[in-house]
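Structures are listed in the sections that come next.
Consider the two complexes below, in which subunit A is the common component and subunit B and subunit C are the respective partners.
Coming up: the complex of A and B.
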């Protein structure tokens, strides 16, 4: 297990090192997120929404920005391996589950970096007040993991396709939509202090993420090898 | 459309190479290692240019998992087609430890495709490929990947990383306990500067080819797949590569070589020729 983990960490570290040197995915993620946030804060701002609607609408806006930023940047992990012809050697050198776990860790780090930059800025610019900050962090963490797991397996699938551009968004939308609904519900709950809805939402988010993790772990070796 | 032209034994390029293949099967690994150490010492004292002489693998035996013996490959009636396009039909052949199987054929005949099938990256449309260890047992596809090294134009190393970082990465994902000192030594032996901080993107094609060879030799593989390995190498590099192949044959490694280069063809002890 420790050897497996060390090998997966090696894949993630390699991808992160390469990413921080080229900054292709990171730039896509951050620029998309900041541009959208600037547009939203300029047009809506902190005071245009009624107090009653504010928690729900701001939750929707927050997750839409995170979701589309993820779509803009997280498809690169496998596509890059195929386009730069490094995938064959990786297939021979590493076990499929090692590659999957490494890429998942890499996507997770990217999405956490995105959230660390975006969420505080969003809360300040949009005047988004959170009644239960620690539980908000839990929703963000669970949501980030769910997004990373789903985008990782979809990125692996689309890397094998010839028409990659639109395929990532097309496949991601139906898989991420249920997760997105519960993330919005959970975020609204932590903003308003509704503990029951928060627990219900978090349970649903974790269930979906767990199911997607197991599904991905079994599907990935087939996608990666064949 | 291609079809298999048969398998035949070629005469070795020189009497030496033929003798090497035969004698390698009768000597133990330790005896060969000791002999090679003596040869390296001789080369050092004689010319002082040990970097480009003899094997790339000295010193690495202690740090990588060793095969108890060689691995043989046999394939029969292998065919590959993509939709309606037939690449080749019914290709058969084998390579034993200490032998070079040369795959030849005109451009587009499927040499690289056959190589990809043999190393397990592609599934054949028909036919089977068997990998046998010295004790006669068949290796599974999972186990097989750990024992082979590949150098091919269609397989690249990471351009954003330095040469040393590339070797460090492949060693870690292969679960090798090799240290940076070993990686530096290997880079020196393939003629690259291990202290160079430039990412591989800044390398010439010849230097990148040397790094690919180092990557393929990193884990001391029992089987080596080479697809036009001399391409992009300068004459010194080509000489070194030939020496390297000969020393690998001494160690009873199995080599599968896809090429149209006349010089590389002479390394072969068996041949599979694909028709165009």
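Coming up: the complex of A and C.
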């Protein structure tokens, strides 16, 4: 088990090191998010929304920015391996589940970096006040994990296909939309301080993410084995 | 096959004609609905049912393909996903027509409408993925994996989203409201229609898989 974990960490570390040399994925994630945030902030700003609409509409905007930024950058994890022809070597060097866990970790780090930059900026620029900050962090963490799990397996699928860029969004969005619905609901609840709805939506997010994690762990070796 | 098949097709023709006659002419319009709008239920519910059934078949066939690696399971998954998409479109359109008459708007993102939209997106994405991979074996594997992943989200769409958000749509699985239940004549026509639509889709399915098998054989001959 510890050996498996060490190997998965090594795969993630390899990807992160390669990523920080070029910063292709991180740049596209963060710049996409900042551009969208600038557009949203410029057109709406902190005063345009009426007080009772604010928590819901701001949650919607926040998650739309995060989701589309994620779709803009997270397909790199596997496409990069295929494009630089390093995938066969990785297949020889590590067991499929190790590769899956490593790539998942890598995507998770990217998403967390994105959120750490974007969410405080969003709250400041849009005047988004959160009644329960720690629970907000829990919703963000659960949502980030759900996003990372789903995009990892989809990225593995599209790396084998011919038209990669467009297909990633097309395949990811239907799987992510239910998650998006629950995340928006949970974020609205933590903004207004509605504890019951928060619990309900966090349960839905976690059970959905859990199901997705188990299924992708089982299905990934099938996709990865050529 | 041929004689039995022909008999079954004629039987299906007569049966469906009977269902259409009963739905429009024989049964009186139900109480509590505007005008003749209740009659659409005899077509809306069966199409939604066949769409769900086709998606289930597609998912099971995908699982079987990953297990056995036989092309026939891949054909089954692809054909039923296509059929499921067709029937889901029909269910969406009939539902929207009913919503316009009863509730005033074709579309208002009712949870049921949201979930069927996501289902449509999932299976459109499934077919897009199939068209983006050239190698038949790779295509079958990737599509099977996606189909199973997509099916993971279905219970959340069917059962949890409509519970959290208020829905105008009558409850699908359990109908607790006695005023809302169907009387026996309506139920009989509805069940007959369900059987007819299921038969029709089995026929379409067998045509689709036969076409796929012929294509597969042709490819083998060329290679």
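The rule is short, and it goes like this: the second predicted complex is superposed on the first by the 225 of 226 C-alpha atoms of A that agree within 3 Å, B and C clash if a C-alpha of one lies under 4 Å from a C-alpha of the other, contacts with A are read in each partner's own complex, and residues count from 1 in each chain.
Assume contacts are C-beta pairs under 8 Å (C-beta built on N, C-alpha and C of every residue); 3 or more make two chains touch, one makes a residue touch a chain.
Treat the numbers as computed from the prediction; the structure is a model and nothing was measured.
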Q. Which of the two partners, first being subunit B and second being subunit C, lies in contact with A:162: first, second, both, or neither?
A. second
Q.
Looking at A:31 after the superposition, I want to know if it touches subunit B, subunit C, both of them or none. Which is it: first, second, both, neither?
A. neither
Q: Answer with first, second, both or neither: which of subunit B and subunit C does A:91 touch in the superposed model?
A: first
Q) Of the two partner chains, subunit B (first) and subunit C (second), which one does A:195 touch, if any: first, second, both, or neither? A) neither
(Q) Quick check for you: in the superposed arrangement, does A:153 touch first (subunit B), second (subunit C), both or neither? (A) second
Q: Give one of first, second, both or neither to describe whether A:7 is in contact with subunit B, with subunit C, with both, or with none.
A: first
Q.
I'd like to know which partner A:171 touches here: subunit B for first, subunit C for second, both or neither.
A. second
Q) Just subunit B (first), just subunit C (second), both, or neither: which does A:17 touch? A) first
Q: Using the superposition on A, tell me which residues of subunit A are in contact with subunit B and, in the other complex, with subunit C.
A: none
Q: Write out the stretch or stretches of subunit C touching subunit A in their complex.
A: 66, 114, 118, 121-122, 124-125, 128-129, 132-134, 138, 141-142, 144-146, 148-150, 152-153, 156-157, 160-161, 164
Q. Subunit B touches which residues of subunit A in the complex?
A. 3, 6-7, 10-11, 14, 17-18, 21-22, 84-86, 88-95, 98, 226
Q | Residues on subunit A engaged by subunit C in the complex (per definition of touch) | A | 153, 157-158, 160-163, 167, 170-171, 173-175, 177-178, 181, 185, 200-201, 204, 208, 211-212, 215-216, 219, 222-223
(Q) Using the touch definition from the top, list the residues of subunit B that touch subunit A in their complex. (A) 116, 119-121, 123, 142, 145, 148, 150, 152, 154-161, 165, 169-170, 172-175, 199, 215
